[in-house]
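First subunit A sits with subunit B, and in the next complex the same chain sits with subunit C.
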Partner chain A sequence: MDLASWAIEAEGLERRYGTVEALRQVSFSIRKGEFFSLLGPSGCGKTTLLRLIAGLDLPDAGRLRIDGKDAGGIPAHKRPVNTVFQSYALFPHLNIRQNIAFGLKMKGVPSAETRSRVDRIMEVVAIEDLGDRYPAQISGGQKQRVALARAIVNEPQVLLLDEPLGALDLKLRRQLQDELQGLQRRLGITFIHVTHDQEEALVMSDRIAVMNAGRIEQLDTGRQLYDQPRTRFVAQFLGTCNLISGRVQGIGNGVATVGTELGALTFIHLHNSKTLSIGGTVHLALRPEKLHISREKPSGCGNVFSGVIQQVIYGGASTQYQLDVGAIRLHATLMNNGAAHQFLHEGDRAYCILAEESLVLLEDE
Partner chain B sequence: MSALLYAFLYAPILVVIVYSFNAARFGSTWGGFTTRWYGVLMENPLAWAAARNTLILGLVSTGIATVLGSLLAFGLARFRIPLKSFTIGLLRVPIFIPDIVMAVALLMFYSLARQWFGLFELGLPTMIVAHVTFQIPFVTIVVGARLAGMDPSLEEASRDLGANEIQTFLHVTLPLIAPGIIAASMLAFTLSLDDFVVSFFTSGPGSTTLPILIYSSVKRGITPDINALSTFIIAISMAATLAATVLQRSWKYRSIRDI
Partner chain C sequence: MITVRRDKAAQKNHVHSERDDRLRSTLTSGPGLMWMLCFLFIPLLAVVAISFMTRGEYGEIGLPLTLDNYRRLLGFGILGFDPLYPAILIRSLALGLATASICMVAALPLCFFIGRLPLGWRTAGLILIVIPFWTNLLIRTYAWQILLSPGGWICRLAEIFGWISPGTGLYPGVFAILVGMVCDFLPFMVLPLYASVEKIDWCLAEAAVDLGANGSQVFRHAILPQILPGLGAGCILVFLPATGQFVIPDLLGGAKTTMLGNLIQQQFGAGRDWPFGAAISFVALLLVMAGLWFRGAKQAGGEGGLL
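So, the complex of A and B:
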């Protein structure tokens, strides 16, 4: 891909606060027009990264390019970047129109043009009748829209969103998620969205960077992150996951065998994944919905183990099972589509099948 | 209990106000109601000169102290300063140093400066400088509290939206701390208005203020026109305080014209 199609390129960004390393060697690139999410638990460095892009904080080391230009010496007010702050940060002394017009005023845009751009953007985010109110007189959801309008009216190349939906209730959040996504498609602006909500990130983003302790653990599409997590952290942060550890016993043609507490497990091992050595420790991940349970012992497939159902949680569309195989507790989620597992109860013996193509080899040592 | 406490606080002031309308010239006997003493006061050129001096001293020193004290508060809050907490602590020293010590120190400073550089002839200018020195800490503390209570993301949002540092200060910081600045200047003005000790030590010929005038008159016995003068000062102070309160409530501090 040529240089002009990257909105953001980061190379080896580092940021320390005293002895705390907020960012450690962070490198990534974001395409123009992409909806990109930074996902991670609080304190993982995602907000720090956002502030570096906005220019509100400076890196201790590393390079940052915005739209192909080195951003090192560019102060916040000259960057083609606008932010929707977590607390909205609306100016309490200005009414809604004045809040939205602030950026254009500061740049000296003529007042007639300012007026029409403000009108248009208020229409886009559906707050036409709030113009004369003050921030203290509107609701949380409305504040969110004003903060969004105040940022995008400047037509930035990149819009930074710092957990913009964090303070809203679930229903409003779902609605605004849809709206944000629609808006991003229409405007074609690159969105960088910080969140700790994995579902929100999966639903909205083209690509997601999962962050942990100041590093990017994995950067991929939501589907890749979910289906092919590379580390234990990613596997567990996105959804739930069964983690099984063991030692390599045999490496064959496209498959490998691991001795685990369950017994011997075989899994698909491709050449492009982590290289294995006999006796080395490996970690495997298996999503609960890919674990099969049946009362009868299935024939003709490997990785079958017998266990005892410990807990059955009925959830309408699906049922969650907890099954103990020896000392290992496995989680399974099965669709309630009339299959035989629906008649399993706590204390029943059952067989579980860990399909070899569903086991994901993690890179952790 | 609280009624008693309030009585204790306000009874002396009430006495002064009531006696300013007492027709009897001497003593504490009531001689009937009169507004005569206010008339006497109006015709007293010394009182007029003192009132003029007091007003000039109060307004000029308050103006200077408000600007300097607010800038100091902003600097202390926003910039990296070596030994920051020590510097801030140092600000409080003029507040708890007794007035009399402060006054003597200023007097010594002025006489030394006069001796070495021929500057600081005692008079209204030296009094203004003296008042500014004790007003600044109060202004800085009041404005600093307002700055500390401000959401830092507001200034960041301003920079993010394309405002440089000066624009951010003028359009965001200043309007938001304006109520604090007004409160601080009212406090500073009141401090100047009722200061006697520092004014007394740093005044020169012809720079008599109302408190000094009252002091020198009282040495010759309390007269009804002094009560009238005191009542007058009380009225001005109350009006100033009331104005500040009303102003702060209705203040819609807009930095950008409506569009």
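So, the complex of A and C:
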């Protein structure tokens, strides 16, 4: 990809607050027009990273390019970047119209043009009739729209969203997720969206960077992150996951065998993933919905173990099972589509199948 | 039936509690009201009444009722127009205005500085601001006399920089008066202003920067609206007493300038002209009330119209 198609390029960004390392060697690139999410638990450095891009904070080390230009020397108020703040940060002494027009006023855009641009953007986010009100007089969802309008009216190269939906109730959140995504597609602006809600990130983003303790653990599409997590942290942060550890016993042609507490497990091992050595410790991940359970012992496949059902949680569309195989507890999620497993109860004996193509080898040591 | 009875009981209770409330509010606000009536309202009424009376030959207050006192204050005395009293009035207002302005300019950076200190240091900073109050105003003012008189190190420093010609002092004079006034009134500006600086939502400043505002624009649009209430309160707290102040102008101005304060004091003291003194007091009070009313009206005019 040529240089002009990157909206943001970060190289080795570092930021320390006293003894706390908020960001450690963070490097990534974001394409123009991409909906990019920074996902992680609170305190993982995602908001710090957003502030570095906005210019509200400066890195201790590393380089940052916005639209191909080195951002190091560009002060915050001159960056082609606008932010939707978590607290909205609307100016309480200005009405909604004046709030939205603020950025244009600072840039000295003529008042006639300002008026028409503000009108247009208020129509886009559906707040046409709030113009004369003050921020204290509107609801949380409306404030969110105003904050969004105030940022995008400036037509930034990159829009930064700091947990913009965090303060809203679930229903409104879902609705605004849809709207935000639609808006991004329509405007073609690069969105960088900070969230700790994994589902929100999966639903909305083109690509997601999962962050932990100041580092990017994995940067991929949502599907890749979910299906091929590289680390234990990613596997457990996105959805739930069965983690099984063991020692390598044999490496064959595209397949490896691991001795675990369950017994010997085989899994598909391709040469482009982590190199294995006999006797080395490995960790495998398996999504609950990829673990099969049946009452009868299946024939003709490997990785079959016998266990006892400990807990059955009926969840409407699906049922969650907890199954003890020896000392190991496995989680399985099965769709309630009329299959035989629906007759399993707590205390029943059952067989579980850990399909070798579903086992994911993690990079953790 | 049960519900009806319960309703009646509730009503009774309600009446009872209403009477209780009235009794309680009378008991609690009564002393305050009496105090205000005896020590504020009645004396004030007396001042207004006296201001329309005539001074007798030996300084006694008597009839007939007259507007002469007010006419005199406006400069129309028995010898024709004399701008002495209007000049005193304007000079006092100017002193109050100057003091309030300088205090404001000095307090703004000071408050932001204290607000940015670590938590424990902030209290220490505020205590340092208030500590001079423990020394009597007269003593502080005499101290300034010594510091600013010819030959003092401040004057010598000023001579070196060529700000004053050798041998002359900074005291007595307008400069000395302003120094004394600002030192006396600065805490009245700092305390309310600091209270609003401490509450500033810095997120709004970041939002303004993010939207392209430069340093002065951030201050003007995101910070100033937030500290305006404190600034307004501080200005009133400084301007009003500063306008009536006469000890400092007397001591540091060389007792050559008459201020509203000493004019009033003279009338009630050596001058023995209570009606004229009452008239001056009443006019000063009206000016103050007009100022407060203007501020109140401006604030009620909507948040958008603050600036």
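The criterion applied here is as follows: the second predicted complex is superposed on the first by the 365 of 365 C-alpha atoms of A that agree within 3 Å, B and C clash if a C-alpha of one lies under 4 Å from a C-alpha of the other, contacts with A are read in each partner's own complex, and residues count from 1 in each chain.
By definition in this document, contacts are C-beta pairs under 8 Å (C-beta built on N, C-alpha and C of every residue); 3 or more make two chains touch, one makes a residue touch a chain.
This is a predicted model, so every value here is computed, not measured.
Aligning the two structures on subunit A places subunit B and subunit C in clashing positions. Of the two partner chains placed by the overlay, subunit B and subunit C both lie in contact with A:Thr83. In the superposition on chain A, A:Asn154 contacts both subunit B and subunit C. Of the two partner chains placed around the shared chain by superposition, subunit B and subunit C are both touched by A:Gly103. In the superposed model, A:Leu291 makes contact with neither subunit B nor subunit C. Taking subunit B and subunit C in turn and counting the residues of subunit A each one touches, the greater count comes from B.
In the superposition on chain A, A:Cys352 makes contact with neither subunit B nor subunit C.
Applying the stated contact rule after C-alpha superposition, one finds that A:Pro92 touches each of subunit B and subunit C.
Once the two complexes are overlaid on the shared chain, A:Leu56 sits against subunit B and subunit C alike. Overlap of the subunit B and subunit C contact sets on subunit A: residues 54-56, 76-78, 81-83, 85, 87, 89-94, 98, 102-103, 106-107, 150-151, 154. Subunit A meets subunit C in the complex at residues 54-56, 76-78, 81-83, 85, 87, 89-95, 98, 102-103, 106-107, 134, 150-151, 154. Of all residues in subunit A, those touching subunit B in their complex are 54-56, 75-78, 81-83, 85-87, 89-94, 97-98, 101-103, 105-107, 111, 114-115, 118, 150-151, 154. Across the interface of their complex, subunit A is touched by residues 201, 203-204, 206-214, 217, 221-222, 225, 303-304, 306 of subunit C. Taken in their complex, subunit B has these residues touching subunit A: 151, 153-154, 156-164, 167, 171-172, 175-176, 252-256, 258-259.
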